[in-house]
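Look at the two complexes coming up: subunit A is in both, with subunit B in one and subunit C in the other.
Showing the complex of A and B:
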């Protein structure tokens, strides 16, 4: 039990004290047992107050503190640091939220707000009385990062991590790097080709000795935790001799008699059985399609020096301090019959159409038909009212419009129809929408409840659509090609990756960050980060931003060689534990294992893996497992505190006049107030004059002078000649 | 106390990362709810113990509301399932102590669910007002 507790109750300018009688509360708690100091302060977070708190703690040998102020989301760490600076363990500090969860929502009932605040503070005192001094968990970390996925996001992160001095293992499932970007042609907004971007990034990857790239590699097994992940990867063979002559290899690629459908080009062309995805694909080593080449004995014999058919899968163990997952996305594949896909000829997806344009740069021909009109249907596979993909992929509108612009630039006289639900060309991408509209593209808006109906017409594709903007008048569009503007979906193998690294998956099947705004690249697994489109739809720029953000986080984590973790983790009472295995069963992170202790088996928590979620605690029938800082004693003492009887002094008899005239008696003003009063110095000054004299921004001075005015510390005294601002003088 | 003057006391279990910011949001937007609502924030709603819920009733809370993360929980995709199990276990204990199972409720509250939270508090207060004070109902051994 803590016996010397300090309580600080914040006015927050007036945000709290306008509705909660903080002065009365500070007097009330001063009389509490074990409370040595109880103060009301104007701004608890002000530097001057923090210094005063440190002095109080040291002078009075306080062993715990409670600050009743705003939400802990804002200042928990501020006051934990105050505790640390004063020599108290930060776990002996409790923050009580009397602003967001008291003065503001109950501003309509000030007396009730004061009563509630009393309960909240008393609960905080109870909790801190039972608080334990817990040390952070120190973990040694290896300064190496495993980056899973060598697309644009993964490569950019790998380059930055290597530049900052980390060893990087870059693991790519495909035989060639680049992911979806390598498959793309010209990209909005820059017009660069995906292949060129990838070649540039690959050259940078190669220039760093501390990046090791593994292609054709998949994640097999993951053990360990933050600082020390042990990851087994499986590397598929290329069946190419390591010392093969490059000229001979090139000749073999040209002479290869076997051709198969090229999946990389969506089957629009053939590729050889010894191949690269495209001529400039990186790394510059081809792959042998052994299955396709099986019967080509003569060819194999001719180029025997190039091949090594004895190569087998190899498993390699890597040791990394942290993991960044940048596995990207899949494009939505429409179901058979969805807007005529695979049932009506000349219906393709947007990525397929872009590839088709690249393969026919001079004249657009498909299925032996010259294309004169193209219709685009938007939001295919996304924003589904009935399907699973409720989200918007937000880059596909711009992508389709950019394709339409290229259609106009590359070929002559092709009419483009855009059948859309909403156009989402946010930011600078709006310029492309304007350009497309000006070049004569026809935009028709449809309602999600009445989507276009696609059928095969006599000569071309017939699309019936109700124009939402002309009272749903039914229009018939005839087009030589129909392009389905498909959105992004989570990769097929995301569940597999999730199971290996224990990354939570959302309803949309993308990986889940801790918080989309406040912790957008962190996962609940310590040391495992996510970046790029594996966490949700993003364009290239946004993907790179998120992966670089994760890289910066990881570098900050690993650069010191050790990591300090919050001590909020599960712990087992060995005497009570009878090992039933329930706790291990519900733990999502395999943080609990069965161990032998003396003559019995008990549960043991791996501190580095445990996330402190607490799922294990309620399932324990012997109550042998608990979460530090959320013990039965602490939670039940909070409940007791809420319910303890509170009696307030009846202040309502005080006259209003008296209350208004009463100058706020603060034990200590914030430093900026002292500076402002010093500037006024017995005379009167306006805000710009004060701001200039004390060298503080006018807005800040305005805020403080207004608050001082409210609390009768200063008062207005006429206006300046131009009647632009008031003069203020000290009151009393 | 007559039913008209009765203001039910509600204990809310929220979660640090998702539902507690949603409750903060209600305050930030000055949305009003009953001042007899008290909140305890935890890492995850799956970590609530039935004994804490029973302790709340024993101390005089008229209702317990679990502001869960639902499918947004960053710890476990089975969070709602686990939390539901805790509620069912609690309701068994509540029945044993002659406490109406209606005195416990759960709903998913996200980090911007200010209005839904306030609506839940209003509805729950109404239900608890109809049930009356816990003191007339419970037979908990202190």
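Showing the complex of A and C:
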């Protein structure tokens, strides 16, 4: 129970006091028990008032304060800081919102607004009198980061985190790093090859001793929380002798008699049973496809020194303070028959087509046919008004257009048809669109409701499309090849990752951040961050941007060795708890665990994970859980306070005009008002003259003089010679 | 069902279209055009037809001829796709498309070839001219090899060839426009109403005057007679006036020396109009005064130059008749005047000049629909 409470009621320069009788209220609460100070102030947030509050608290030894002003979203922290400066715990401060909740919405009924404000302030006083002093929760954190996925986003983030002095565990599911970028060829806008970018990044990763890279590794088990995650990873073997001779390995790769379809190249070529994804793939150690190599005894015998078939899956346990998930995306795979995919020959997806171009640098040939015309159908598997994937994948338009430009540059006389819905080559990518149309690419817009129909013609693929831009005229396009411009979808294993780390998944199946604008890389799980295209469709620059901002966030979090968390969390009363498990069931953050305490089982809240959402408190049968700052005591007294009857002194007879003419009575003017008054006391002056005399910006002086004019502190007194501005004098 | 023909775009470029492939269908050109309206929609839709290679639709369109090439669309195009120049190129393509001989195609597509054809024709005409003066030695030499009757028949054939080509072109256009014209509709105006609207438009060119309001009102600040429509009006009526005057002169065999005869008066006034109009048009093109005059083809320039020469030499001869007609210089001027005038008439069906026939036809269909 607090015995020395200070109450401050703000005029907000008229915003509140024009409708709410703040003076009456301040008098009313001065009479309240336990309230030592009750003031109405012009601007509670003004520096001068903040100083006065600190003095009041110190002089009167206040133990709690209430400010009735605007929304806590605006000034909660301002007054919490005032409390801190004056030496009282900020949790003993309550802000009451009488502007957005009283004066503004009830401006037509000033008396009722005052009544409501009285109720709210009393509720605040009651609440603060039961508040507890709480300290922030300090948690020791380990300066190590687990980065899941070594694509461009993960590698860039790992490099920066390592450079800033964090230990980094970089975990990649594939045997080779690089992800989708290693798989793609020339990239817009720079024309750099994905493989070159990856080789460069890998060299940097290797140069840092504090980055540990695991390839062929998957996440098995995750325990712990912010500051102390314990993650088990499973590492698949390569079946290569660790001390194998490199030249011998190379010879084995060349000699291998068994070839299988190369999935990395979409099956357009074969790969050996001992292989790398591509010649320059990193790390530079091949992998053995044990299944494929099973019967090649002769070959195995010949190169026995290279192989080690005894290798087995290994499980490693890692300890990290924070986790960055950069698992990337999957390319949408069209269904059979979708725009002729797999039912009409020569229909491929855009990633496949890019690979095909890379494999045929001189002359474009597919299925023994020289390709003279290529049609692109956009938005395949994306922007489906009625389907699952309602989003736009952002990068595919530019990607397809860039491919079309390369078609024109690499081969001669290939006609490109673009069957699109909307072209979204935002930002600098627009110049590619312009280049493509200038080079003669034909753009035909179709409506989602009437998509192109693909069939096999006599010589080539026949695409029937209604051109939206010529009143839906029916057109026929003949093309040797059809490229489906497929968008991005969430990886099919993202659900596993989500379950392990408890990252929420959106309707689009991508990982969800807390807030798209203000917390774009944070997840609701403290210490777990997301970056790159696992969060939603992004191009490479955007992926790297997001993963780097996550890296910066993580570094800021781990740098100090400890993390300070808000104390507003759930608390368990050990005596009352009988462990029914209901609270753990409803907790979305798995912050509640069963523990043994003495001779009984009770619930325990993990302070690092709990967000104080409060869902557990109402389900507890024995009322053993409460939320700090929202205890039953505080909430009930708050309600009681609001319900208490308020009587206002009847001053309705006082006419409105009279009130307006009355000079505003203020206990103290802000310093700048005093300066202005001092200036004009020496004779009437106009605003520029005042500004010059007190050396304050004219705009600021104008604002204050206008406010003073409104509250009858000053008044106009004729114009200057040029009739440019008014003179002002003090009003008595 | 129409097949997309990507080759067509390259063909149009040969007729003088610029970067029209850059068009991204925003429709700014149509939106700012003062002349486009509900049943006459251009230029965007035409660029679309060109890109998709819909040749027939272009030859079937009246809208091409409703544009007077103010150039505002080209100035405002966000992609610098030059829709104005594209429309002009399309009109050239249509002239070549209606005319059956293919001669127009050669003239429009190749500048050197157009010069060769013009010079060749000038030589033939010169040859004919000499045959008209049997007392000259050259003529006697010619008659040794070619009897006068054959030459006369050849002349008739050449003139018939031009006339027939023009008539064929007209019929081809009418046939194509009829094909897509709405058969019966409530809004359809009568034949005579449509015809009178065409004549009214030809007389005062109201639509062309609307065009002059474009280009940030550049022309509205200039005197009326300096505006493009006035220049065009002067050329057109100057030429028609001269044609009528020459015909009257020829019919009544007036003695050339009496200047107050109606046919002569008409010729003089029309001649002044023609020279004024042609001079202004040439100056505007030289100075590239607005977007319209920036992009000009050799065929355009030649037509204007011929009109101007024909006018100037005509005046020269008129003056010469009063002083002393029988000098070498005057003879040469007479030869030039006759050759140029004849070329204008003979190449009528195969040059930009043919628009004088095609535009009224298009206007008729526009008014009749």
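In the analysis below, the second predicted complex is superposed on the first by the 505 of 732 C-alpha atoms of A that agree within 3 Å, B and C clash if a C-alpha of one lies under 4 Å from a C-alpha of the other, contacts with A are read in each partner's own complex, and residues count from 1 in each chain.
Just so it is clear, a residue touches a chain if its C-beta (ideal position, glycine included) is under 8 Å from a C-beta of that chain, and two chains touch if they have at least 3 such contacts.
Computed from a predicted structure; not experimentally measured.
Novice: Of subunit B and subunit C, which one touches more of subunit A's residues?
Specialist: On the superposition, B touches more of the residues of subunit A.
Novice: Let me test your reading of the model: by the given contact rule, A:515 touches which partner, first (subunit B), second (subunit C), both or neither?
Specialist: First partner only, subunit B.
Novice: State whether A:477 touches subunit B only (first), subunit C only (second), both chains, or neither.
Specialist: Touch status of A:477: second partner only.
Novice: Just checking: does A:618 make contact with subunit B only, subunit C only, both, or neither of them? Give me first, second, both or neither.
Specialist: After superposing on A, A:618 lies in contact with subunit B but is clear of subunit C.
Novice: Is A:108 touching anything from subunit B or subunit C once the two structures are fitted on A? First, second, both or neither.
Specialist: The first partner, subunit B, only.
Novice: Going by the contact rule set out at the top, does A:586 touch subunit B (first), subunit C (second), both, or neither?
Specialist: first
Novice: Taking the superposition as given, does A:98 touch the first partner, subunit B, the second, subunit C, both, or neither?
Specialist: Neither: A:98 stays clear of subunit B and subunit C.
Novice: Quick check: in the complex, which residue numbers of subunit A touch subunit B?
Specialist: Touch list, subunit A to subunit B: 71-73, 97, 99-109, 112-113, 115-116, 119-120, 123, 504-507, 512-515, 517, 519, 523-524, 568, 586, 588, 611-615, 617-618, 623, 627, 630, 632, 635-636, 638-640, 642-643.
Novice: Which residues of subunit A touch subunit C in their complex?
Specialist: Subunit A reaches subunit C through residues 373, 415, 417, 423, 433-434, 437-445, 464, 467, 469-470, 473-478.
Novice: For the complex, which residues does subunit C have touching subunit A?
Specialist: Residues 1-4, 6, 9-10, 19, 21-25, 45, 48-49, 51-52, 79 of subunit C touch subunit A in their complex.
Novice: What residues on subunit B touch subunit A, complex-wise?
Specialist: Listed in rising order, the residues are 9, 11, 17-18, 20-21, 23-28, 30-33, 35-36, 38-44, 46-52, 55-56, 59-61, 71-79, 82, 86, 89, 111.
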